[in-house]
Each structure stands twice: as C-alpha cells, then as structure tokens.
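Following: one structure in structure tokens, then a few remarks.
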Amino acid sequence: MPPIRVTVWGENRHERTEDHVRALYPDGMHETIAAGLREHLDGEIRTATLDEPEHGLTEEVLAGTDVLTWWGHQAHDEVSDEVAGRVRRHVLAGMGLVVLHSGHFSKVFTGLMGTTCTLRWRNEHDRELIWTVDPTHPIAQGVPHPLVIAEDEMYGELFDIPAPDELIFISSFSGGEVFRSGCTWRRGHGRIFYFRPGDQDYPIYHHPDVRRVIANGVRWARSDRPGRALPEIRRHATGDFG
Amino acid sequence: MPPIRVTVWGENRHERTEDHVRALYPDGMHETIAAGLREHLDGEIRTATLDEPEHGLTEEVLAGTDVLTWWGHQAHDEVSDEVAGRVRRHVLAGMGLVVLHSGHFSKVFTGLMGTTCTLRWRNEHDRELIWTVDPTHPIAQGVPHPLVIAEDEMYGELFDIPAPDELIFISSFSGGEVFRSGCTWRRGHGRIFYFRPGDQDYPIYHHPDVRRVIANGVRWARSDRPGRALPEIRRHATGDFG
Amino acid sequence: MPPIRVTVWGENRHERTEDHVRALYPDGMHETIAAGLREHLDGEIRTATLDEPEHGLTEEVLAGTDVLTWWGHQAHDEVSDEVAGRVRRHVLAGMGLVVLHSGHFSKVFTGLMGTTCTLRWRNEHDRELIWTVDPTHPIAQGVPHPLVIAEDEMYGELFDIPAPDELIFISSFSGGEVFRSGCTWRRGHGRIFYFRPGDQDYPIYHHPDVRRVIANGVRWARSDRPGRALPEIRRHATGDFG
Amino acid sequence: MPPIRVTVWGENRHERTEDHVRALYPDGMHETIAAGLREHLDGEIRTATLDEPEHGLTEEVLAGTDVLTWWGHQAHDEVSDEVAGRVRRHVLAGMGLVVLHSGHFSKVFTGLMGTTCTLRWRNEHDRELIWTVDPTHPIAQGVPHPLVIAEDEMYGELFDIPAPDELIFISSFSGGEVFRSGCTWRRGHGRIFYFRPGDQDYPIYHHPDVRRVIANGVRWARSDRPGRALPEIRRHATGDFG
C-alpha cells in the first residue's frame, strides 16, 4: 500500500484565546496531534482548521485523505452544513474517521450516528484509567492495561451512541463514573473510531500512550478498498452475475 | 401496562393514483396495515397520512403514540424536515418505530441510521422466502420458517445500513439475491424494527404471516420506560449518587 | 402465559461452613435469592443445591424450569459433567439461564461461552457503582443509575467472555477497575444473562436493586417459544416450504 | 512482521477412499487448500492430517502456527479430546483459526462456540451465490459480489451459532435457502473465521475466488499480539497500575 495520507482537523480556537491552552499547545492541538501521528506512521500527515476557507476541507483535500481525525468543541455550530455533509459523504464512501473527545458533539459525528451523542461531564481533574476489553483488536496493540491519564475531564455514561460494532476500551474516573472510551463503527464503506481522552485544558495529546492509540486508530480506519464510492442504489437484472 | 397506542403512517399516494394499487388497498395501505395490527393487538390503532396537516404527525399525536409504523415510497421528499425531525426526536426519546419496505429511504430512517440505506431492487414478481436466523427473538415467534411470499418486489444486498443490533430474518429471492429483511436497532431511548416486505404492487399486507411479524415488531418496539425523554447532557457533580 | 417456574440453584457450602456467611444467609444464599424473586414475580420459585442427588437438577426438574439461576464458587469441580451437560442442553433447547457472580467459572457457563471466563479480582470491600449503558433494555427498567453497592468483591477486566450480544451494565470499583457487569447472550434456543454482584461475604442478595435486576433478568430470559427442543440437523428437500 | 506460518489441517479420508474425490483432490484436499494459500501469502504453508501421530498437531506444531485452517467431515469423533482441547487452548491464547465447511461440526469449533452448530443440508448440486454484506471488512476485499459457485452442497439456516461478531457473507442456493457463510468471532486472544463452501464432492478449493477468501481470512485471523498466552485469572492489588 502507498504511504497513508492523514488530515488532522482542529477547531483551533481555545488555543488562540486562552493562555493556559496555548501554553500546552503553542502551535494548536492539531499540530500536537499531527506530531504524535508522525512518531508512529510513515505517510503524509497534514492539518486543517476551522477558520481556513471551507474549514480546510475542500473536496480536493478530502479526496486526497485516507483518514481524517476530528477535534472540535466550542464552535461545532460554525462548521457549515455543507462541509459537514461533505465529510460525512466521504466517510460513507470509504474515508476513515477518528473522532476525538469533544468531537462527539460535532455535526460530522452526530450525523453519522443518528443519536444525540450526549453524555455526563465534569472538568475537575479526575484521574482516568482506560481498560482494554478487546485484547484482539489492532487498536489495542501495545497499549498498557490500564492506560493511565493523571488528570483529564470526566465523561460519564449514558453516552447516547448506537451500540458500537466493537467496544475496545472502557474508562473509569476518580469520581467512579465509567465511559465507553474506545468504540468502532462501520458506516457505508467507511470505518469510524471514537477515542475519548483529550480536553484542551490538559496535556493529553502529549501522552505517549494516547498518541499510540490514535495512531493505531488511524491505521485501522484506513480503507483497503481500491477506490472511493458511496454505496449506490441500482436496478438489478435477473441473472446479473457470474 | 395500559393498552398499546399505535399510529400507522402511510404515504397514501399510489393507492389514489394507480388503479391496480387501489384494487389491492381500496382504503389505502395504511388501513390494511392497521387492520392487520388489530387482529393481533388490543389497543388503539390509528392512522395518519402525508396529505393531512403536518402529515398527521403533530407533537400531540406523537406524544400519544407508543409505536409508529412507517410506509412511504414516491414522496419521501414531501415529508417536511420539521416533521421528520420531530419523529426522529420522539424515537430517540422512547417512541417505538417500525419501518416497512420502501420506508428505508425515508428521512426518518436514513436520519436515524446515518447511512445511505441504498440497496438493489427489481420489480418482477420474484418469490421471496424469509428465513429466521434468531429463533429466540420475540419478533420471530409464530412465524413459519420460511415465511413464503409468492410474489414481491426484490430487494438485494448491499443494503447500506449500520450492522443491526439483532438480525432476525434473511430473505432470498427467485433471482438468487439475499437481503437482511428483519433488523433491529436501539437508538437513544427508542427501539427500531425494519421489515422488508411490502411493495404497493402486491397484496403483501393482507398476508397473515406478514401481519403477524409486523404485530410482533410493534409489540417489541414499545418502550417499557415510564416516561418519554431524550438522553440529556448534564454536568455531573462528584459523588452524585447513592 | 402461565406463571413462570424458576429454579434457584445454589452451591450452599460457604453458608454451612463459615459463620460470617451463615450470619448473612442463615437459610443459604439460594433461599435469599429465591425470596428476592418472590417479591417481583408471580410464579413458582423453587431451589436446588449441590449436595442433593443429581445436584437437585434431574431431567424432570429442568424440564419443569423456565429459568434457572446459578450461583457457585468453591465447588465448581464437584458439579458432575453429566449434570452440567444436561443443564447446557436445556439452555440450548430454550431454558433461560441467569448466572450470578462467581458462577462465571461454572462448567455450565464456561461450556456455553467457549472461553476461559477469567477475570481480575480483589476481596477488599470496594464500593461498586453499576451504570446502565443500554437504557432501552427490559433488564434495566427501574434500576437506579448508578446502582450503588456499598461494599463488594471487585471483579475487573479483562473478563474473558465472547463479546456480549447486549451490554447493559458496566461497573466501576473504588480501586478504579471496570467490569462488564450485565451481559446477555443468545445460545441455541436459550437466553443467558450474566450479572456480576454477589460475593458470599457481603449481604448483596438482600439489596433491593440487586433483587430487581435479577428478577428483570429472569423475566427476560424466559423463552416465548412454545416448546423446548434443540436445534437439529436435517436433510432439507428442495421445495420443502410453502 | 515475519512471514506468516499456516498449518492446513485436513481429515484426508474421503480423498483416499472415494474415487471421485481423489479425482478432484489427488494429493488430498489439504494440499489443494495449501496450494491456494501459497498463491496469495508469502510464508510457510504446511499441512497436517488426522492419521498422523497426534493428528499432526503436537504442542510444538501449534506453537509454531500463526493460523490453523480446519477441514473435517466424516471422522470428527476420531479427533482425540486431547488434541481438540489443545487446539482450542491455542486459539484462546492467540492462534488464528479458519474453519471450513463441514468443520462446523468439529470438536474444535463446537467447543469454541458452545452451541450445537447444526444446520440444514442437501447435496444436490445447488448453485451457490455468496453476497458481501460488510464491504469494509478485510476478508471481503477483492471478492466478487456475488461470488458464484456453479455447484456445491447446500447449507441452510438455522445455523445454530452464536450471533457472529461480524457477518461478512450470506449465501443463497438454487433451492432458495440462505446461510450466514462468512462469520467472525473473537474468543480469548484469538480470532476465528468460518467460511462455508467446500464439500469434498465438488472442486471448490480450486475456485480462485474461494482461494482468495480463505487467504484473506488467514491474513485477518493472524494475531498482532506479541506473544501467545491465555487470559489468566489474577488477584489484582489496589493501585496496581501506573
């Protein structure tokens, strides 16, 4: 297979308006996530952000992207319906998608899931432990059991998602809540991985194990189909085979 | 539990514009489907159709509906986005949904699935055999193996849906195609059942076994939660339990 | 449907040999579990124990049992292969099965799962919180979110089971571990529910919410098929239908 | 990764006792299956058969096998319990397993599934069409839709298996039956793929598309975990992480 082409999408607002976030991510969270991917993947790792024209996600960019990662939080509504629909179309046609943390409320993710994607939350420095419940999954390879994050925002159930096709990770938090933290779904010709950690207030995307999981997820989400096309309705003639 | 309240929704266009459909369903397909349900269920079985104000699906009607069945075909686009969104919201809040045949392309169903819901088709009087692959499921009770439909429109894979939570029935057709004909999904607080048979050109909804499956599906899709509410995001205080 | 017939099976050893267990369960854990079921179910709730002839599980007893609940711990090996095989055969033929806590290592459960069913554990009075992740499931109805158990043995992942057909509950413990605490599987014509809480050292089966879950599980596990029979191989003649 | 090591296990009885089978598979079905794998995989493709000592499946052979394929039919009972148990143990510890056709009734497969694995059958030269229902799955890559087999034994539902983790292929037959023909399950640390085609009376394992699917399945079933070990019970100390 040719080298993988990844586009790391970031909202890139907190980093420019809040000093403590800028201190953690001076070049933006997207650049930190991209740097983490470059540690694990040979390929082309680009970035795109909300305030670029078409949010940096033109038809051409998406057509040249094997896997897109998505981080957004405060500005989900500013993503245009057109671009969100374009991204969803590419996923259904075979582009891989890795949704991170607060991306759960993005138009891209909720549109693909069909549910509210609500959850419980608390931003009070909970310790997070991420346990593997599917040790055979490629995304779990090389990941400690548990993966420990000293401090992060808490997300708790009920996470209003379709039952995942594969449940890989479950988190617990200091407060006792649990969360389905690593989930996959297949939609159309595309593969989707959701991974929970990552609030902007913490240095999560510098964490080596978090970086490994995201890289594993990107590798897994890449389609091995030859082209990119939506499933299409068609009239099927009798005997139209063999 | 109090008697079930079902709303049978029908597009009701073919029946008024095509003689051969009117001959099969003189009062409209929705009335035939409703009559079938009345054979099996004690409860209130009402109907609603596209050309009523708000397509007969006001907030009040939906609030008083335990399970909605949906048949549409040629006029999916005429269902207003507002009403389609309202129906989806009620499903996510706990209303049961049974989608029939060409309802696979409705705004209600595709919005809940997040996929294209495309398929292959041919309207040439194929014989359909419907085989049970989950004999423990309540929807399969009392259903012959196979359920035989002498003539129906063919639907073939790939049916572009999320992998069902439960796959109950698989159909084969004279031409050799197969189809996942009976599928369930849970979304939010609601339960969804898709059942394939039912083209307007055939007397499918007079078939006693088809009627039984739809009634089983309606019974299964009814929520046993006490109220109706969407899952909601909320800030969760530490120690907020017990 | 006629009133449900439940057999509550208990190993009944700890209760007779350890004073602190006898203090919690003077008539045996099986009698306490049975008493909990009688609060919720109209039907015939009987018990059977290891030291009865054929462990109290003759062909006749099983044939007259709609749902069997299973608690064992220290004497799994003393259950004869013959009786364990008989129980599994009845499950595959349609008898419901509810496996409690340390029953995860019983011959009945491991034989039906095909895996080791290992896990991590610690008996140090962890607080357990049981969170619902499938709010539409009948077994979750009326159950608090979270269900709080002040003190219990800890079970942690990896729980080496087949991915459940339905994942209903996830537990967290004081120590930070998580566990898939409420799981269902369909096997043959039977339905199986595993529910985690219940070490003999704690008064778990007096807990009203635990009793409710077990009763919900028993109700759900009951087959609605008319008879009891194993799926059978057979030669299928061409045209053998309709 | 180092080159894959595959062991192709064959019962090798029909080929030696029935002329028409020997005509199709002069070196035994296992050699034909191995030859097909060699077309697609760089690695070490060995064979083993029933009548070798320990059926050719010593501890050493299995320890050196990444993926085992299994074809058996008339002599399932002659596979010793010890060897069958050894194979299952290796699967749960991480060896991949690809079960072919009548291998559904092997001790290895039924023991891992926990069900009867019964089905319907007819050996009357039905045409089989194999349709892909999960186009994103690696096992489906490069496989025609449908894959056409001119003549094969028929297998029909109900196939008494646990609901597959992934359903990839569904077959239909001339007689109208359907079958879940390509299924995966994860068990312990191992991955299992069942693929239906392959009666000894037909030249199935010479079919290029069948060979491709089996090779895809072998590639998929290989573990990417570093070692081979069963999941193990262990006492877990509080704070035993990070």
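List of remarks:
Letters are used for the chains, namely A, B, C and D, taken in the order the chains are written, and counting of residues starts over at 1 for each.
To be clear about the criterion, a contact is a pair of C-beta atoms (placed from the backbone, for glycine too) under 8 Å apart; a residue touches a chain by one contact, two chains touch by 3 or more.
None of the values given here were measured: they were computed from a predicted structure.
Relative to subunit B, the most remote chain by averaged C-alpha coordinates is D. Of the two interfaces, B-C and B-D, the higher number of touching C-beta pairs belongs to B-D.
Over half of the residue numbers at the interface between copies subunit C and subunit D are found on both sides, making the touching surfaces mostly the same. The mean-CA centres of subunit B and subunit C are about 34 angstrom from one another, to the nearest whole unit.
Subunit B and subunit D have Cα centroids lying 37 Å from one another.
The set of subunit A residues that touch two or more partner chains comprises 129, 134-135, 146, 156, 158, 163, 165-166, 174, 176-177, 186, 231, 241. The touching residues of subunit C, counted against subunit D in their complex, run 88, 92, 111-116, 118-122, 124, 154, 156, 158, 160, 162-163, 165, 174-177, 185-188, 230-239, 241.
Taken in their complex, subunit C has these residues touching subunit B: 94, 129, 134-138, 141, 144, 146, 148, 150, 165-166, 186, 189-191, 223-225, 231, 241-242. Those residues of subunit B that touch subunit D in the complex are listed here as 127, 129, 131-135, 145-146, 156-159, 163, 166-167, 170-174, 176-178, 180.
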